[in-house]
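Labels run A, B and C following the written order; every chain starts at residue 1.
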Amino acid sequence: MDRDSFLTRVGRASLTSQLPDSPPISADLPELAAADLLALFRSRSQTVNAVVHGPVTRHGVPRTVTGIATGHNASSFMAWDDLPTPGVTSALQAVGMERIDHVVPLGSRIEHNLGYRDVGVGITGAEVALAESGSVVLVHGDGRPRMASLVPDVHIVLLEIERLDRTLALWAQKNPTLVTETTNLVLVTGPSRTGDIEQQLNLGVHGPRHVHIVMIK
Amino acid sequence: MEGPQVQLFVTCLVDVLAPQVGRATVDALEEVGCDVAFPSDQGCCGQPAFNVGLIDDARRMAAHTLDVLDGTEGSVVVPSGSCAVMIAHHYRELFADTDREEQVKRVSARVRELTQFLVDELGSSSRARCEGCTVAYHYSCHGLRELGLEHQADVLLQDTTRVELEGDKECCGFGGLFAIEMPAVSTAIMDDKLDRIEASGADTVISGDVSCLIHIAGGLRRRGSQIEVKHIVELIGDGT
Amino acid sequence: MNQPVTFLGRAEALIGTHEADAVDNGVRNFLELREKAVEELPALADLRDRARAIRLHALRHLDRLLAHFADQLQAAGGHVHWAVDAADARQIAADILQRTESRLVVKSKSMVSEEIELNDHLEALGLEVVETDLGEFIAQLAGDTPSHIIAPVLHMTRQDIGKLFADELGVPYTDDPFELNRIARVHLREAFLLADAGISGVNMAVAESGSIVLVTNEGNGRLVTTAPRVHIALMGMERIVSRWEDAAVVLETLARSATGQRLSVYTNVITGPRQDDDPDGPEELHVIVIDNGRSQILAGETAEILACIRCGACLNACPVFRTAGGHAYGTPYSGPFGSIVTPGLHGMDPWWDLPFASTLCGACEEVCPVRIQIPKMLLQLRRQAASEGRLPGWLEKGIARYARTTVEPARWERAKRWASRLAGVIATDGWIRRMPGPGRGWTSSRDLPRPAKESFHDWWRSNRGS
């Protein structure tokens, strides 16, 4: 059906619609008790089976990342181009890990995709961490592939310690235009999981099985 | 002792199937000084018809109930959460934009479920008594969710030996005519409830609504259970 | 599918089965999880009010929001299609897939795709469609339909699944959920990477930016919408909010109500296809906005049901769902929400009995994150069914007779006396064990206390005089 006819139908339906009145609410979100955001974030991340490291100094980040990667016996990695600290990708290559190319060519997409069958580690930055839920927000774009936090078995997030907020609703209220300015944004709350088989929790279904968040001071 | 005048709306289920609950209600109210009147033309509040969508029949019964209660004095006390809700909440929509609108406002404002009346309104020191028994309490859905009845039972039962009933706020499966329209489903829900009652260790199960009570009692009896089933008011007032 | 035509018929076939037991255990688990999540956030009550206000506002301005959404998405390089019904939607999806020469399609969870019966249609056209949500994948392998909107194979045990994988995937039998998970991961990873197109649902659209929000736990939703060249998103037209801030509030209530999680693992906000400077992502994004009876619901007294955000909490709380299971409802939308939406979308034939599959206990409304007045709408639909003459004759006549009797005191007295006399004959020890006619429904599994020899009225007359 064409757009105008479709929307006219909807508009006509609205005329006889019997919707109840909305409950009264205030413009401001409710006050939450003061919280040590970092401690809350650590605790909530743990609940969703993510591991929080640090705070680590900027200089210490490459060593921490390498430690995590080799601890998982990874032999390949993907990484965002603009990580918050330098030296990470070179440190991984220095211990013999292969960096996977992440720019998908228009012509031979599937051939490129098959290279993602087995990627050990993906390293990204993050826009902010949300303490209440133990989440991190990834904004994708130039040099920031979506697949880096998706296909590898291990996802490592590098995040400056100042980038902490309390809840999604509060953060969204403070950043109302962020979504209009990006093509793809993801909130990641721990490793991928399912309870579909007898409600038993299983990690690492299709996305990463391990999420490590390295806080940087 | 001159106490408040109250009108008893006894409910059709109590009248026919559990009159001892009505007698105990009178006793419990008189014990705290109420002057109990019983408008004897009362019949049914109309809920069975209302719940199956037969609105004209519901209206007919509701109109009669309004006429019986209007013009009498004092709170209308009802030993049933679901019937109290029917009159206090649902009559409004039955008679919206009719010439009974004012009458509905008058009457529904006077309705009180029994435990709410005793505990919250009168602040009475009524207590349930049950020598040598172990009680479990089942919260009837309409009273719980539409009237917010929760702490009243706790107050009234504090002198009894009470055990936890798992799933005590879950439906017993009666649902009015649902019980005979969809008997297999009603029975399955009832079975869950009865299993939990039996597992609780209680020898007496109590509730505030005779609709739940006849369902639970009927099921327990069919199982050959010795567990007693009573309305909470039967532990407060005498049935004599 | 050959199934009984009434809710009761389908329920009778399921009650007490292995499937129903699995459902019971499953939903109790969800309820416990939700309970914990709700307790810890005192502000949740306020969030629910906000979420309700946000959704009602969207429904009130639906045409305007949809128009704005489409403008914004198109400006970002996406395509918006408008499907008036299921056939229209299937056609649009098929056309896109054919034009893009897509053969292998991966799907993430979408109730709307079940509603419009898309898979069968695409498969008949020669496409291969792979469900990637683990539960849906299992259901697909089993040739079954999902029984719960959040946990599609709530009705299967690990042994059922182990046997299924052994039979259909040729792997050695295991019923260890960890192993089963790993088997599915490896099998489906190939599909993601090789697929030409991905089909997803839409949890929520954001009008101000032309964005769609996808909420998943497994990562399949992200893979389906990132790896293939083409992304088709199926959107029920009512699943929209005004602004990003509004979406954030609704998201906070969604996961907590559904599974007790504070947020799902992946909350993905997509605004258009891959741009020139994006290293990955689909090259084409198509959102198909679907009516299929929703405008009909919007036009009437059950419009409020369109505020639903598909969390599944009402299913978990419902004693009828718990005992009868999702398949008893006959369509992809089950539980209290399904009882209202199904007759709304598809009419009262044969779905008039779904609103009667309820004890009106109100547990659903209690847990709904947007506080939908479900019992009120169940009653409205029952009224509609009654006015259309759909109630069984014995019920209509019985209630009419009861009404006539109870409004006349003398008649009521006579009826009670008569009942008491009859009871004296058929009861033993104060209980009735067998009743004729519709009463059989009761006495098949329960006794009934006999109408008392002395009613309350009798006692009052004798003792208090009037």
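The rule is short, and it goes like this: contacts are C-beta pairs under 8 Å (C-beta built on N, C-alpha and C of every residue); 3 or more make two chains touch, one makes a residue touch a chain.
This structure is a prediction, so every number in the text was calculated from the model and none was measured.
In terms of the stated touch criterion, chain A and chain C have no partners in common. Distance from per-chain Cα centroids to the pooled protein Cα centroid is smallest for C.
The chain with its C-alpha centre at the largest distance from the centre of chain A is B.
Separation between the centroids of chain A and chain C, computed from CA atoms only, is 29 Å. Chain B and chain C have centres, each the mean of its CA atoms, that are 32 Å apart.
Separating the CA-averaged centres of chain A and chain B is a span of 53 Å. Only residues 1-3, 5-23, 25, 29-30, 32, 44, 48, 102-104, 106, 109-110, 113-114, 116-117, 130, 132-135, 140-147, 150-151, 167-169, 171-173, 176-180, 182-200, 202, 204-208 of chain A touch chain C when the two sit together in their complex.
Here chain C touches chain B in the complex through residues 7-8, 11-12, 15-16, 24, 319-320, 322-324, 356-363, 365-366, 379, 381-387, 391-392, 395-396, 399-400, 402-407, 409, 412, 416, 419, 431, 438-439, 441-442, 444-452, 454-461, 464, 466, going by the rule given at the top. Here chain B touches chain C in the complex through residues 10, 12, 14-19, 22-23, 38, 40-41, 43-44, 46, 48-55, 57-58, 60-61, 63-64, 141-142, 145-146, 170-171, 173-190, 192, 214-215, 217-219, 221-222, going by the rule given at the top. Across the interface of their complex, chain A is touched by residues 22, 25-26, 29-30, 43, 46-47, 49-50, 52-53, 56-57, 59-60, 62-63, 66-67, 70, 72, 76, 80, 82-84, 88, 132-135, 138, 151-154, 157-158, 161, 177-178, 180-181, 184-185, 188-190, 192-194, 206, 208-209, 211, 217-220, 222-223, 226-227, 229, 237, 243-245, 247-249, 251-252, 259, 261-275, 277-281, 283, 289, 291, 295-296, 298-301, 303-304, 371, 373 of chain C.
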